[in-house]
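Structure first, commentary second.
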Amino acid sequence: GDKEASDEKKDIIIGFGVGTYEEQFRNGILPLLEEQGYNVEIKVFSQNMQVNPAMAEGAIEASVFQSTAYMEGINDELGIDMVRLNYVPGAPQSLRSVNHEALDEVKDGSTVALPNDPVNQERAVRILEDLGWVKVAKDAGTTDFNINSVSAGDYDISFEILDPAQILASLEDVDYGVVNGNYIANSGQKISDGLAVEDTPMEHRIIVSVLAEDQDTEWAKDLKAAYESVAFEDYILSEGKFDGFILPEAWESN
Amino acid sequence: MFDTSITFGQFIQAIIDTLYMVGMSLLVGTIIGLILGILIVVTRPSGVVEMKWIYGILNPIINIVRSVPFIILLVAIIPFTRGIVGTSIGTTAAIVPLIIFISPFIARLVENSLLEVNPGIIEAAEAMGATPFQVIWYFVLPEAFGSLILSLTTATISLIGATAMAGTVGGGGVGDLAIVYGYQRFDTFAMVSTVIILITFVQVIQSIGNALARLIRRN
Amino acid sequence: MFDTSITFGQFIQAIIDTLYMVGMSLLVGTIIGLILGILIVVTRPSGVVEMKWIYGILNPIINIVRSVPFIILLVAIIPFTRGIVGTSIGTTAAIVPLIIFISPFIARLVENSLLEVNPGIIEAAEAMGATPFQVIWYFVLPEAFGSLILSLTTATISLIGATAMAGTVGGGGVGDLAIVYGYQRFDTFAMVSTVIILITFVQVIQSIGNALARLIRRN
Amino acid sequence: MITLRDVSKTYHRKKISTEALKKINLQIEKGDIFGVIGYSGAGKSTLVRLVNYLERPTSGEITVDGKHLAELNPHNLREIKKEIGMIFQQFNLLESKTIFQNVAMPLILAKTNKQVIQERVTELLAFVGLADKAASYPSELSGGQKQRVGIARALASKPKILLCDEATSALDPQTTQSILDLLKKVNEEYGITILLITHEMAVIQQICNKVAVMEEGNIIEKGSVVSVFGKPKHPTTKGFVQTVVKNELPFSIKTKLKKNQQQKLYRLDMIGDHTMESIFYYLFHTFQLQVTVVFTNMTEIQDSVLAVWYIQVEGEERNKQQAWSFLVENQVNVEEITI
Amino acid sequence: MITLRDVSKTYHRKKISTEALKKINLQIEKGDIFGVIGYSGAGKSTLVRLVNYLERPTSGEITVDGKHLAELNPHNLREIKKEIGMIFQQFNLLESKTIFQNVAMPLILAKTNKQVIQERVTELLAFVGLADKAASYPSELSGGQKQRVGIARALASKPKILLCDEATSALDPQTTQSILDLLKKVNEEYGITILLITHEMAVIQQICNKVAVMEEGNIIEKGSVVSVFGKPKHPTTKGFVQTVVKNELPFSIKTKLKKNQQQKLYRLDMIGDHTMESIFYYLFHTFQLQVTVVFTNMTEIQDSVLAVWYIQVEGEERNKQQAWSFLVENQVNVEEITI
């Protein structure tokens, strides 16, 4: 991008994956940006996989769907330089069950449903690792996290690898399942009702990412400001469906 | 290039899963598809046993099922799947939506093949006092056989494509391996090798289909 | 029930996107599919202009393209898509993989329809000194027209199914709305309403196809 | 056996409507070999197709074996159809089955025992001269061979009624003869009733006992073959009869006679045994007339012979008058002809 | 115009092989109307299909208009085919096109101007009596009507050569007559060469100048129509000739004669003008014989008349001998017949 030109830029395209982030943006951020005269186009990708390539070819200016860890993995993978602009309110994963009341009902041979994409799968496995149910190999990656790097811990768990959206619907058919927070939010349940809730490490929190070269443009600053504004915080806190979301630390200074 | 995280065992399992899913859903789907296809050909206005209400029900049902994107279908019928195979996930559970996906598709291809049969043949059958079942069984199906085989070949290959989505419900299979490893994890070796396996499947099925059809058409 | 997060504008946009994607890819896909289908019928052993090498190349290419799961195809041809439409995302970019997906499928259906044409008709054409092009254009295609229309109907409906995947590359459309809202967000209203729109599409297309085919077959 | 009462059939498509049959009345008795003849497009095929209800009449009533077809339920209709063999004008063979299987089809439908099928089909194929083609497919047969397969198939289930739509149109005269002999044989041995559509008067001449002549959807003449052939009334019928009973002066003879028109020309027509007698002997000897035979023809129809003589006569006028009276007394029709 | 030299054609499928043609030699001159007749399955259709290379010969050489078909490239082969009209035994009409469009097809292929197509097709349809069916589809036509469409289509592009495979087999005698007249007219007016396959000897009798008789893939007899009809040599040919020249005693007469076998039976054969003379007058008056005509027939072939007489004679033996000598001198063939 041409720096001079992007300073003046008022038309921006922002890419989203599936999740609640697009909804947060549409209701909480978009009005703020429009007030400032921005003309924002929202592009939703049903496959998260496709967002970064789109950024790489300049089809979108910013994205809200990924974690820092995933972004860094992709930077290597695609040979681009994306950076984190700010954190957004993110939904932690939770370990849930409809067949069991408690975690201690786990035993050898229990089935646990995991998401099939590498980033969510890794996060899910980390929850199990924290519980001691499994062990994870040292060299397990992030963007190419692989179920083969998981071995038995306290229990010999068998996994069902499913589409993330499927897991909630399939809980009846497994002992436990790790469900992404956005699905819980959309289904009207509470994240905190999970048997175990992810303590999302910073590297797995959802961020707004832009190309490094755009980091200091006027529109990027305005975007960041909108996410850290009181108006947005009020909106998030007023919506019941965002209960249990991990909130950006930047708000603490609001 | 050979830097992959898929194990040989996973490959073999995927091939077995694909064969199992395709085989079972093709078997059941062909039966249902044939029956549906025959029914809509036979009961249509000016068909062998014109029955407007059957045609009037089946025709839109086939369309409705065909309208639903496969992934939505997968979810929508979870209770049904669970009722039939006891679970909504895994290879066996994937077969149920696959059958529901492929049956109306086969029905349409069958319909098209059967409609191409020379009406004179059907007349000859009726003149012999053949029952509607006999008309179909002894006259229409054999005459349409070459075309039916090619239709089934086409359907089988579409089915292999659909099994790739079976991973959504933990069905596994080669297509799922291609998506989960090749696509989501940028594992080029996994991508290429799974696609080669798929191509081999398709090529073998198509060759068998062509050879059978040629044998039957004798041209 | 009516608690949905989709706006009316999104619905309209999705319908427009679907029509655009299906329309364009059907148009181009039909042309390519017809040409491919005709070529493999004409050049096959004992075809009108037997040319083993063309058949020997096209036949496996069609199979190879058909073997690749649509989602993999989408990714695999990104450089190609970008070369053609300048971008790999968005509705227009989704059309390229849709064409590549539907063309070989149509080719197979066309092949099947054309093979059903009475060989006597082709003989009559050859006896008149018709060129291979004329044999196809004036004799084979008109005779197969009823069947071709039904085949295209089937292909169009499969195409609508495939556009649901177009969301992967930000293509939008009704199917994508169904997946993003209905499937990913459990938005029942979105799911049901989008599926109803899809059913309407399919029903309309099928009715048109059936009516045309019936008109042509006159039975 | 078969009765048609006021049967009409009209085909509609868009604004075009074709009246293929117009109030047809027809009665075919058990054991008849009933011939229907007419120009191309007269409605003959439509007529047979109505008899086994492949086509429904627009109006009128069809009875087969005492049953009103319109009143039968599908099951009973099928039962009747099983008793009716049909030979199609376009053959309608199954391309995907061998000749053997094609002929076996009616037996397979009737769930006949395999052994019996084998025997019956082999016998029929031998009958129609296609024993060596049993394993061939229809696309490998000549036109006439396909037609013979159709004939064998129609006979396979020993039907009570046989409908033949141009059953020998693709066959050479010898093969036609053998097929007609076969039809006559099944008619005599099993009492099969045959409704036979043809455009060849020779076929009717050889095996039919009754005949109907159709024109533009109407039956313009019907009756026993001998009477229709002997005394055709309608011009169309005369045209058909002439194709076998060549009782008109050939063109070349006419031209010659025209050049030399002094002498009167007489036409003598007689049926049956008269031809055996030496009537000319009487003309010469008894009436002292010198007779020149310009043209003559005799045609055998159903065990009797139609004869026609075109003669020129020289002699005394009185003798001629006596001769004519003598001939008329002997059932010979005498007519003076101008060319 | 058309030459076949040592042409053979064998069909193979698995282990079955059918020798449809065995070393055929044939020469058809420009302007000929060449008839080919033979039993069903004799190889007639195979023969015509080779002439326009719809089928390739297994061995042998085919020349059309001086060009070896085997040596032509596809383009030149098509050019030749454009000059050859073909009427198919199975019609091969386009089901998806109207009758008008079917007939127009060869003209459309030749990129003829629309106006000309309209005129030519209308004229042809009127010729074959289907003017009112122009907008109909083949499935709405009777068998004979379809055949006439095939004929009109073959004539549409005014070909130099016309191949007719059983072109009138589905037609009634009157329609056949009008088609044959049409063929004769195009033959005479435009000098079209016609190769005509048929199983009806009457068709050959009416328009052909030359004829070949086929049996089991061989040509067993060929020559001018008058010579082959007048003096058929091969038994098969005799069989065919008898279908039009009814010179054999009818069955019913034979039976009667058998019962009463005292008298001798003689057969008299003569060609042409003899029939005009009053030979019987001589038998009666000069030789004092009493003659009974048992059966007689005259047939017109290509402007001459063949006559046959079966007679019984009473009179003195010496007179008979004299009479026979007189007849033989006058080119009448006399033969004693035993039944």
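As written, the chains take the letters A, B, C, D and E, and residue 1 is the first residue of each chain.
The rule is simple: a residue touches a chain if its C-beta (ideal position, glycine included) is under 8 Å from a C-beta of that chain, and two chains touch if they have at least 3 such contacts.
Values in this document were obtained by computation on a predicted structure and should not be read as measured data.
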Study note, to complete from the structure: Any chain touching chain A and chain D at once appears in the list B
Point to revise | Least hop count linking chain B to chain E through chains in contact | key: 2
**Study point:** Greatest separation from chain D - chain, by CA centre
**Key:** A
Point to revise | Most remote chain, CA-based centroid, reference being chain E | key: A
Exercise for review: Call it same or different for chain D and chain E: same when shared residue numbers make up over half of all numbers used at their interface.
Suggested key: same
Point to revise | Between chain B and chain A, distance of the C-alpha-averaged centres to the nearest whole Å | key: 37
Practice item. Averaged over CA atoms, how far is the centre of chain D from the centre of chain E? Could you give it in whole Å? Key: 22
Practice item. Just give me the whole-number Å value for how far the CA centre of chain C lies from that of chain E. Key: 54
Practice item. Enumerate the residues of chain C that touch no fewer than two other chains. Key: 71, 75, 119, 146, 165, 179, 183, 218
Review point. What positions in chain A touch 2 or more of the other chains?
Key: 49, 165
Revision key, fill the gap. Residue ranges of chain E touching at least 2 other chains are 13, 90, 139
**Study point:** All chain pairs that touch each other
**Key:** A-B, A-C, B-C, B-D, C-E, D-E
Check your understanding: Given the complex with chain D, which residues does chain B contribute to the contact?
Key -> 49, 118, 120-121, 123-124, 126-131, 134, 138-139, 142-143, 145-146, 216, 218
Check your understanding: Mind pulling up the chain B residues that touch chain C in the complex?
Key -> 46, 59-60, 63-64, 66-72, 75-76, 105, 108-109, 111-113, 115-116, 119, 146-147, 150-151, 153-154, 157-158, 160-161, 164-165, 175, 178-179, 182-183, 191, 195, 198-199, 201-203, 206, 213, 217, 219
Revision key, fill the gap. Touching chain C in the complex, chain A uses residues 15, 18-19, 23, 43-47, 49-50, 53-54, 57, 59-60, 165, 168, 182-183, 186-187
Review point. In their complex, what parts of chain C are in touch with chain A?
Key: 5, 71, 75, 78, 82, 87-90, 165, 167-170, 172, 176, 179-180, 183-187
Check your understanding: chain E touches which residues of chain D in the complex?
Key -> 11, 13, 16, 18, 37-41, 44-45, 89-90, 135-136, 140-145, 147-148, 166, 169-175, 199-201, 239-240, 243, 246, 250-253, 256, 275-278, 280-281, 284-285, 290-300, 303-305, 312
